[in-house]
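Look at the two complexes coming up: chain A is in both, with chain B in one and chain C in the other.
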Partner chain A sequence: MTIFDRTVNRRRLLQGGAAVTAGLAAPNLLIRGAWAEEFRNNPGNAKSVKFGFNVPQTGAYADEGADELRAYQLAVKHLNGEGDGGMMNTLKPSSLKGNGVLGKKVEYVTGDTQTKSDAARASAKRMIEKDGVIMFSGGSSSGVAVAVQSLAQEMGVVFMCGLTHSNDTTGKDRKRYGFRHFFNAYMSGAALGPVLKEEMGTDRKAYHLTADYTWGWTQEESIKNTTEGLGWQTVKAVRTPLGAGDFSQYITPVLNSGADVLILNHYGKDMVNSLTQAVQFGLRDKQVNGKNFEIVVPLYSRLMAQGAGENVNGILGTTNWHWSLSDEGSQAFVKSFGQEYGFPPSQAAHTCYVQALLYANACEMAGTFYPPEVIKALEGFEFDGMGNGPTLYRAEDHQCFKKVLVVRGNDKPTNQFDLLKVVKEVPREAVTYDHTTLRRRARPLQGLSRPRRVPGRAVRSFGPAAPAGVRRTH
Partner chain B sequence: MSTATIGSPSDRSARSPTIAGSASNRADHVKFLIFAAAVLTMPIWLSPVGAAYPDLVQKFAIYGIFAIGFNILFGLTGYLSFGHAAFLGVGSYAAVWSFKLLTMNIVPAMLFGVLAGGVFALLIGYVSLRRSGIYFSILTLAFAQMSYNLAYSVLTPITNGETGLQLAHGDPRVLDGPAGAGLPSTNLFGVETVGYSGFYVCAVALILAYYLALRITRSPFGMTLRAIKSNQNRMNYTGFNTRPYTLAAFVISGMYAGLAGSLMAVVDPLAGAERMQWTASGEVVLMTILGGSGTLLGPVLGAGIIKYFENIFSAFNDQVLSRMFDFLPAGLGDLMVDLVQPFVGDGWHLTLGVLFMLIVIFLPGGVMEGVSRVAGRLRRVRSDRTG
Partner chain C sequence: MDAVVLQALNGLDKGGAYALIALGLTLIFGTLGVVNFAHGALFMLGAFCAVTMQKLLTLSQKVEDTSVTFFKAYKEVPYLEIWFGDTGAALIDFAVPLAIVLTIPVMLVVGLVMERGLIQYFYKRSHAEQILVTFGLAIVIQEIIKSAFGANPIPTPAPEAVAGSADIGAWLGVGQGLIYPYWRLIYLAFSLAIIAAVFAFLRFTTFGMVVRAGMQDRETVGLLGIDVQRRFTIVFGIAAVVAGLAGMMYTPILPPDYHMGMDFLVLSFVVVVVGGMGSLEGAVLAGFLLGILQSFASMNEVKAIIPGIDQIIVYLVAVVVLQVRPRGLFGRRGVMEG
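And now, the complex of A and B:
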């Protein structure tokens, strides 16, 4: 894929840097490193190698971020041969040796993305430029993942995406240095469709509340495509700001819209808040068009279920992985995570742990840290034993293909973590798509071709916890 | 803060509001040259404190420009704007659009950034400056917050909302012709402006911005602004129309912010609406007060301190801390880690807050007051010795 060929540009970049630096008579020590290494942050003969973990520690996705960090720390431990090894023992085929990566001890640095593209890029740059990481990973927001991924491309450092569910993370151009293990909105739609049909029939009216950024947009699109394919109507799709805190102003209009299904394209604290409020407003007790009103949360996680409490009872959604899975890999991971932290891991933790291991494994396979070789090792890598059954890292778009879980909020939880019940394990074949389907033509003026939004969008409030209905009082 | 004695040759002219004599003029130039040298060599002398990497030194320079511009309005004219981040954001968006539509050359982008910041400041300033004091602050805050909300709602075709405005492979870039493989990088007539070369672009801009602020401060116009700060009513009673001067100061300040915003896009071609949030506006107020409002150098120092805290302190995790204290015996080391931990990592705001309080309580004139106190004491010691 010639689109990815950036070597010339990188060299020109260095030359440009050198020219200006020399021109200003600054000492050569500034660029010394740049000439000595054939790729950025080459660990060379160092005894250790650094990974960067860039996760949201503040903001709407902070809970996910905290769990991701735990998983990364566990992965580093296992890679260095400490602890019980977790999924290192179940990964097949595995080149991991449990003595670090390529004999070098793994160290790590952390950063806070604040769930903002700006801040995420700043902290990723710090990791790459200052701390000298060979690979970085993380992110609990697709907006951040997309922004950081193009940075990875510019810098020539591999980015192993953490939790990011937008189709655009892998669907679009220039993603050579980005890899995603997590599933995406298209797969959620494909997996959820048959279950929705079975449970709710083909004559439904859906109302979407959507987080207003790339993930929300693509999930809304994918779910819409699926449900409209079933014969459902879409009454309205309303975009809500990320981290809005209070969703009552968006939920009240749902009551009188004639819709009988509410689809919440929210995640993290947003989903906890919007779902809790929807339930408090009595949506689930209502009868509309002669049917029970239903709520669907296409992207579910155990952390969110924990936050929303019993409001999740009976609510359908999809998830990448769940700790109650009984395969060997999942069991091993749950066991070592539980021993370390005292509770089971979330899907965010799982995908991040797997990503760290897969990167390390690819380095071992390639026998080098040189990114193009590592990328080659990852592309088309077929593996098993990581909790999702047989999985393929597709070479064309660096997306993992594996089974998807359709889950339902558990109405009779046996313990505080037993919140989701797996309804169906949708096989990999059912959620695989052609890699050209999602790669929409690069839109010339990305913003301009967006559909006009529906009116009634609220003013974004001053602080995180703004009073409800700011707009209505005006 | 304006306590310097008039005409004395040892006058600390950078912060004294006196008419520049030839002696202080020379002092100004010496200080300017030292400043320029210090800025250009930042990657060297900042390396012992772990701050010498392109992204952070770029930020020092960019936020330095932002704070210098803010200080023209706040420190010089006495108008506390709580919405300056709006101009920063507008500058960024203008620059990114210039990259998308016209060319990856940074010169048009910077020009558009400055222009957009200026025009936007003219509009907001025209309305806001009808009031002064707290009312002015609230008006600017409201306008900035309005821009922020608009960027997230009706203006998303221009701003791309939460995802942020980014370059795309299919952008027209009419002056550049068709792009090759991959995304082009920003450049200054062919020299790519990322990493350290991006920093030097920002550094040169900072030095020029500093020089311009120096000229403004020393000019009759600057004198008028200071007069407005000290007593605007008296100016009005003597028949002096202050409005054009305050508006001019506001627009200049907005253009500085626009320049800073466009430089942010130059070193990293991406613009997000969070740059316009009120927290960002508050940050520049903090920078200016922390460094010393009304001084030329203070805001730059304040910007540096805050960005340093944000980027370095926030990255300390358990691992770093335990490595830092591993020279201590095991129990004591762990204790130190536990003690220090709340103040670093995600607790960096706490450290910054404590520092800010200490400075405001003990050094109301900011870091620069501390510097001048120390300098004054040294001078006294020396004169005692010689006398």
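And now, the complex of A and C:
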């Protein structure tokens, strides 16, 4: 081959190099403006736009996933101007017009996360590549949310998280393309603290049982920090394998540990089982250290409360939202959802419905589906009328800040859905934290009291590929 | 001291469930030579017999719920309560124990249909193929249950009278702190009774004698003019009933969901292997042994020495037993060998 045999002299090398450099630079200079509108799954002049709803349709959270899907379907209906409009009428400020999004009719595809990270990623990938969704949303597990969020980042498609409560989702694993409306473990701790103090005092000994994965660890850490701040002692924190089924061998050691509070950092099936069994072992009727033994379930859900039956009576916890709230937005949503399906929505349904509406609203505000502009519209968005009072979508970590509800298992339900009673609506200020606070890894355990400030790093680590000219914060 | 007694009781309890499932597995393996991976699903089906009984007893009339004002909602009032008042309510309260009248016939039929309809075609096939087909069957059964009952656990409480916990410490006069749920004590007694019944059936009846003889030497028994196959089919049904009863009685301890069988299946196989393939006594003893070990390994004092031991103890014991006695504790020569 002659081309390799020929000696390359210096002049020729320079000429070639210059030509290549000029060739590479030219497109950037000439068509930079055009690039702004070219993005993945741009609906262009199409009459409709597609959303992807990626929820657990099989597996342990299938019932929760089904409720999320109902909420999304309702949201699509409302966005397209059908039905009574639900929270579209109460969202303030709202740019929604009830004629789809930016005049395009909303369609949707659904996927099954199976509550498994790999399945959720595969399903999301199919939605993005094959179905061409402009945004996707859903999920009922922090493991899934974290996995799918990084896919969203790689693909440049916005992901609106469903139910995910781990600090890491908007903490150390946050992504520029991921947004969370749901609250997190830190907020649960901050909201529960004063109520625990009021009801149980400052001299308590706590025993934790914790689901052994990212969400469990962050919740244990957050609750521990709160209770130790009150002056409580932590007798022991025991990690239990996810899906242990029978927790009795973890509960019997509690009986003689000297602890007088049991904190269950479990969710879903684990929570139903561990709580049921703890009650069976007579923990609720026990007296330790001269006080009534108490059980606390920091993250509550009405669907779970149904599974645990009467065992939830009187037990404290927190929730993102509850259908019995009397504000205008909640009432509009419950009415609309109840008329459609015959029962009130769960907190999972609520957060998913709100996320779909907020995304659509951000597109209207930005006047485009171009993700960087939509992200800009969502960042720092301050709104009201979505059931949690005045709410801020914080720009730095894409976490919503709003009221958190402290609830108690209702021992005198007035109807079959009346399983949780709202004890306290903790104001937004009380659960707000500095965005650098939760950036650390969940392990090893350290106090949250001394936030580590790393100026500038939060932005850089927020993910690659920020298109030029897009401001990160307002 | 209290803690040790508690964990021992707890282990016996768990061991009871393991032993019942392992007993059925061993029966099926010993008679039909089939490795039945659908046995966990039978346990789960038994649990859902209790759920079905509860549903049947609480068949309800829809009455508009006036306390919900946002939308039209209906609440359900059970017919039994409408017709019989307090007697009806008491019947509903005893749904789980009453489910026994449903569980036995249903599980017997399920066992017979399963054996005749599917398993019999796999006698001559390799164990790997048997495992695949029974595992597949287990998934099918699970999905059917899920589509009928949903994926969430369904609360099936024990009757009010035995819902609390027993103050064993006061009974024995050793002071406070030793309390244990009534229902778990009942479960232990129940599993011991079932195990005794199965052993008595095999030992003291002609049917049982033929079955035992068939397990030893199927060919000779067949040559004596006895239809061994038919009896083995019935044994399969009995094994299904045993698993079903174990599941049914377990529902107040663990609200059942469609996946609960799988959680028990793997452990039960370890139990069978530790006890010795084909040995009924071995299955029962290994069941209780592993249950107790698992409980003690979860004590914080033990975990302080070896962290995480609670999650591997069962398999660790299996490894040690198989090293020392490759056929398991009570294994006989020639079972699943060669």
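Quick note on the criterion: the second predicted complex is superposed on the first by the 401 of 474 C-alpha atoms of A that agree within 3 Å, B and C clash if a C-alpha of one lies under 4 Å from a C-alpha of the other, contacts with A are read in each partner's own complex, and residues count from 1 in each chain.
In this text, contacts are C-beta pairs under 8 Å (C-beta built on N, C-alpha and C of every residue); 3 or more make two chains touch, one makes a residue touch a chain.
These numbers were taken from a predicted model, which means no experiment stands behind them.
In the superposition on chain A, contact of A:241 is made with both chain B and chain C. Contact with chain C, but none with chain B, is seen for A:272 once the two complexes are overlaid on the shared chain.
Contact with both chain B and chain C is seen for A:58 once the two complexes are overlaid on the shared chain. Of the two partner chains placed by the overlay, only chain B lies in contact with A:130; chain C stays clear of it. Note on chain A: of its two partners chain C and chain B, the one contacting more of its residues is B. In the superposition on chain A, A:326 makes contact with neither chain B nor chain C. Of the two partner chains placed by superposition, only chain B is touched by A:109; chain C is not. Applying the stated contact rule after C-alpha superposition, one finds that A:122 touches chain B and leaves chain C untouched. On chain A, the surface patch touched by chain B in one complex and by chain C in the other comprises residues 58, 241.
Residue ranges on chain B touching chain A, taken from their complex, read 40-41, 43-44, 50, 53-56, 59, 100, 145, 148-149, 152-154, 156-172, 181-183, 185, 187, 190-197, 200, 268, 270, 272, 274-275, 278, 311, 314-315, 317, 319-320, 345-346.
By the touch rule above, chain A contacts chain C in their complex via residues 58-63, 236, 238, 241, 243, 245-246, 248-250, 252-253, 255-257, 269, 272-273, 276-277, 280-282, 285-286, 303, 306-311, 323, 331, 334-335, 338-339, 342-344, 414-418. Residue ranges of chain C in contact with chain A, taken from their complex: 2-3, 6-7, 10-11, 13-14, 65, 67-68, 70-76, 146, 150-155, 157, 163-165, 177, 179-181, 183-184, 252-255, 257, 259-260, 263, 294-295, 298-300, 303, 310-311.
Residues of chain A that touch chain B in their complex: 2-6, 9, 12-13, 16-17, 19-21, 24, 26-27, 29-31, 57-58, 107-112, 116-119, 121-123, 125-126, 129-131, 143, 146-147, 150-151, 153-154, 173-174, 211-214, 241-242, 441-448, 450, 453, 457, 459-460, 462.
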